[in-house]
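Multiple structures are listed underneath, in structure tokens.
In the two complexes below, subunit A is the common chain; its partner is subunit B in one and subunit C in the other.
What follows is the complex of A and B.
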């Protein structure tokens, strides 16, 4: 399958301030990320909070201007643009927020919010808009009568569906889902995941699925990238990655995931992720890594192929396996 | 309207709303409500300083005019001054607050520092100075009041815009490609509206009081206008014998200012339940 959205050497710097007297350097929340999302797949991005998942998503979307590297959409380079321009060019990429309730204007009825997206994208005419809204609300499994309600009158699951409907109305090709199951109880979570799968087939979507819930990622994603401190440290097909993780960080993440039977809880990840303001030398993971050698503190590993399609950024992955 | 229901559940705020509505009613129908509508300008020297009676419920003033009629006729002045000052302040303050709140940078810094400077100017002194500079009168007083009241709107709107700019729904709007103008005027402004409304209501009471003070000091309304503050000022020479002369215009000022302030407090509570005072 061809690539639909890709990035190479993508870097994003946050919080840099160019003052009159003092220049404050920012932090590199995303540092040299390589990414290639294929058409029609569900691509997972996992990692601890603060590893740059959301920043990467915002950069792909165009809301956050990248400081370096290239972003490709359907084979064209779309990087190096200011946010407004970037959003126009990357209309085919849309983003569903983590907190769908807060992403809706509390003063606007659901219907008005949905119609607004259509107006912005040049689909005028109330009748046409209403027809599309009713159709899309039905597609996400909501009663079209809900369009008359205000966001605070909806349940968490309904808000999430409205958030999806709002994006689907714009006929996107790539949808970035930021923690789409966070804060939902298990039954609603299952319903939302099923809906996402149906919508992908029906509208021919490609998903970028950002989550730290590994069990969900394992269930829905075709390929997964693991991020640590703004870098992709391992990338590969979901089955391979979960069955035979190569990077010590991925192993630790999987081991740290709680299990119901309580038998097999692997070695916990020691310490907190270091601050982006003080990135360790060499391999960023070496202070917390059980396999670290002095060489790890000196050399910064690049992603290398461990198997076809399975790439690992670690100097010692062979020893780990 | 949930806000309105809220006001009615709050007896103090409901009282404020009633006072304000009553004042608006009186202001609109003043010429028909006043027993002697011509007494705004005519004088009857033979019946000066009569105490309250059946004929003149509030008594008469130093020129023999019915005080009840003049209090009623003065309502319109008080409200017109308050509404125009508050509207003018909003017209200056709201756009500045929006502009300064939306973009970070030196422009925003400059705008807010200018606002601070205006905030530091004492209202009465500026009004007195302007009164001397231009001809003293209600026009100069209104200009001075508007010039000193807009910073309150600018600050309120600035704070709201800063808060809303970081809101997730604004980010989501940017995500679906909404223009900054659309976000500002269709989303940020309506979300800031409750705060602006509360500020405007409290500003009405404040302006009525300050306009009355200016009238009292002689730089506001000029005779023979039935201005309340002016009436209190004119009454000074006839105290303590003619107690009714300053009392009734003074009570009118008190009641209307109180009404606006109570309504403003009630609206603030309705707009933000987290600020609700415990009143038990």
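What follows is the complex of A and C.
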């Protein structure tokens, strides 16, 4: 499948102040990210909180201006644009917030919120709007009569479905799902994941699936990128990555996930990720890495092919196996 | 045989609200032997936190006088949450970000708990806290006393709260989803710490979670709650390997590591004000018979410490339910 959304050397700086008197450098929350998402796939992004997943999503959406690198959408370069223009050309990319309930206006009936979204995107006409809303609510498994309800009258699972409906109304091609199952019970999570799979097939969607739940990612993603401190440190087919992780960080992350059989595998990963204000020299993972050598503190490894489609940014991945 | 640390017997908790009577817990029974680790699992709204509140003696106002008994060290603490129980039951809350008062130093918050419940002077208490900070592996234990909560990372705050829970030498520690707000890497360390403390200090643990993986890594025994009632209980390994109650079977079939095809469970957990008659799971259960709606099935012992509240525990679920 061809690439639908991609990035090369993508960097995003946050929190910089360029005043006359006080100049404060920002932090690079995303630092030289390489990414290529194929049409129709579910592309997972995993990593500890603060590693830059949401910032990367905001840059891909055009909500956060990149400070360097390139973003491609359907073969066209769409980077380097002013915010409004950036968002306009990336209308085909939409974002579903971790807690879509929070994004619904509590004083508005669900239907009114959904209709407003359509109006903003230039789909006028009450009849046309109502028809689309009813059709989309049904597609996400909700009774169209729910349009008359207020957000607080909905369960967590229903709110998430409404959040999805809101995005689907805009007919996106790529949907970025930011922690779509966080805080959901297993039974609701299973229903949401199944719905996402059905919607992908029905509407020909491509997903970027951001999650910290590795069991879920393994289950639903075709390919996965692992982020650490603003970088992609490993990327590959989900099967390969979970069966034979190459980067020591990926190994530690997978080993940390609690397993149903109660076993613990692999070494623990001590400590918290370092601050973006003090990014370690060389490989930024080296202070927490059991395999680090003096070379790792000096050289910053780039992603290299370990196998076709499986890329690892580590000087020592060959010794890790 | 020593007396169990905790015996919960036939516990009913009801709350009166403007929506009617919320029958939150009904006939909940389980035991924690000395040094035992018992997990409570179930989806949100099943009554897990209310159960912990009853054990801690902090049920919300408006709770009808609960029926049944909670025995701590053999003493009934349900009706009279005797001073002896306070402090002897440590509590680790869910969210380390919300559970510390941001304007007080870490040391002062724990000293305040100890002033109320533990014997000894302030200097004794300080020494004890530093020792505990060391035991929970907080960096710079002496310096940590004077730090404010925001100066700790999420994982360190959870260590701090574990130290606070241990401050008055509890016999029992109760924890309400203590790692859900943490990354998996941090979660793994906190769970390892809890396991170590339980082993080294002979603690007993009552551990609420909705995560079967976390349950498997911490607890020996499990009680599965559904809509305020015990669905099944037994050794964790046995229950996870061969779940018996249709609810447990269907819930485990939703786990992404298990699911044949992400099955799901039709319907939702009922509101506590609208509990179904009979077996509370019957409206969602593919095995339900008319008798299930008539009377709540009693717990039956299955041997090897297992029990289940369903007569159909040996009947296979239809393929479609596990699709």
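By definition in this document, the second predicted complex is superposed on the first by the 320 of 321 C-alpha atoms of A that agree within 3 Å, B and C clash if a C-alpha of one lies under 4 Å from a C-alpha of the other, contacts with A are read in each partner's own complex, and residues count from 1 in each chain.
Assume contacts are C-beta pairs under 8 Å (C-beta built on N, C-alpha and C of every residue); 3 or more make two chains touch, one makes a residue touch a chain.
Treat the numbers as computed from the prediction; the structure is a model and nothing was measured.
Partners subunit B and subunit C fit side by side in the overlay (superposition on subunit A). Contacts of A:277 after superposition on the shared chain: neither subunit B nor subunit C is touched. By the document's definition of touching, neither partner reaches A:202: not subunit B, not subunit C. Touch counts on subunit A: comparing subunit C and subunit B, the chain ahead is C.
With both structures placed on the common chain, the touch criterion links A:318 to neither subunit B nor subunit C. Look at A:61: by the touch rule set out above, it reaches subunit B but stays clear of subunit C. Applying the stated contact rule after C-alpha superposition, one finds that A:166 touches subunit B and leaves subunit C untouched. Across the overlaid complexes, the C-alpha centre of subunit A sees subunit B and subunit C at an angle of 80°, to the nearest 10. The overlay of the two complexes leaves subunit B and subunit C separated by a minimum Cα distance of 14 Å. In the complex of the two chains, the subunit A residues touching subunit B come out as 61, 63, 83-84, 87-88, 91, 94-95, 97, 99, 102-108, 116-117, 120-121, 166-167, 170.
Across the complex, subunit A is touched by residues 43-44, 153-155, 183-189, 191-192, 210-214, 216-217, 236-237, 240, 250-251, 254-259, 261-265, 268 of subunit C. Subunit A contributes residues 48-49, 155, 157, 185-191, 193-194, 212-216, 218-220, 252-253, 255-262, 264, 268-270, 272 to its touches with subunit C in the complex.
Interface of subunit B with subunit A (complex): residues 167-169, 171-179, 182, 186-187, 190-191.
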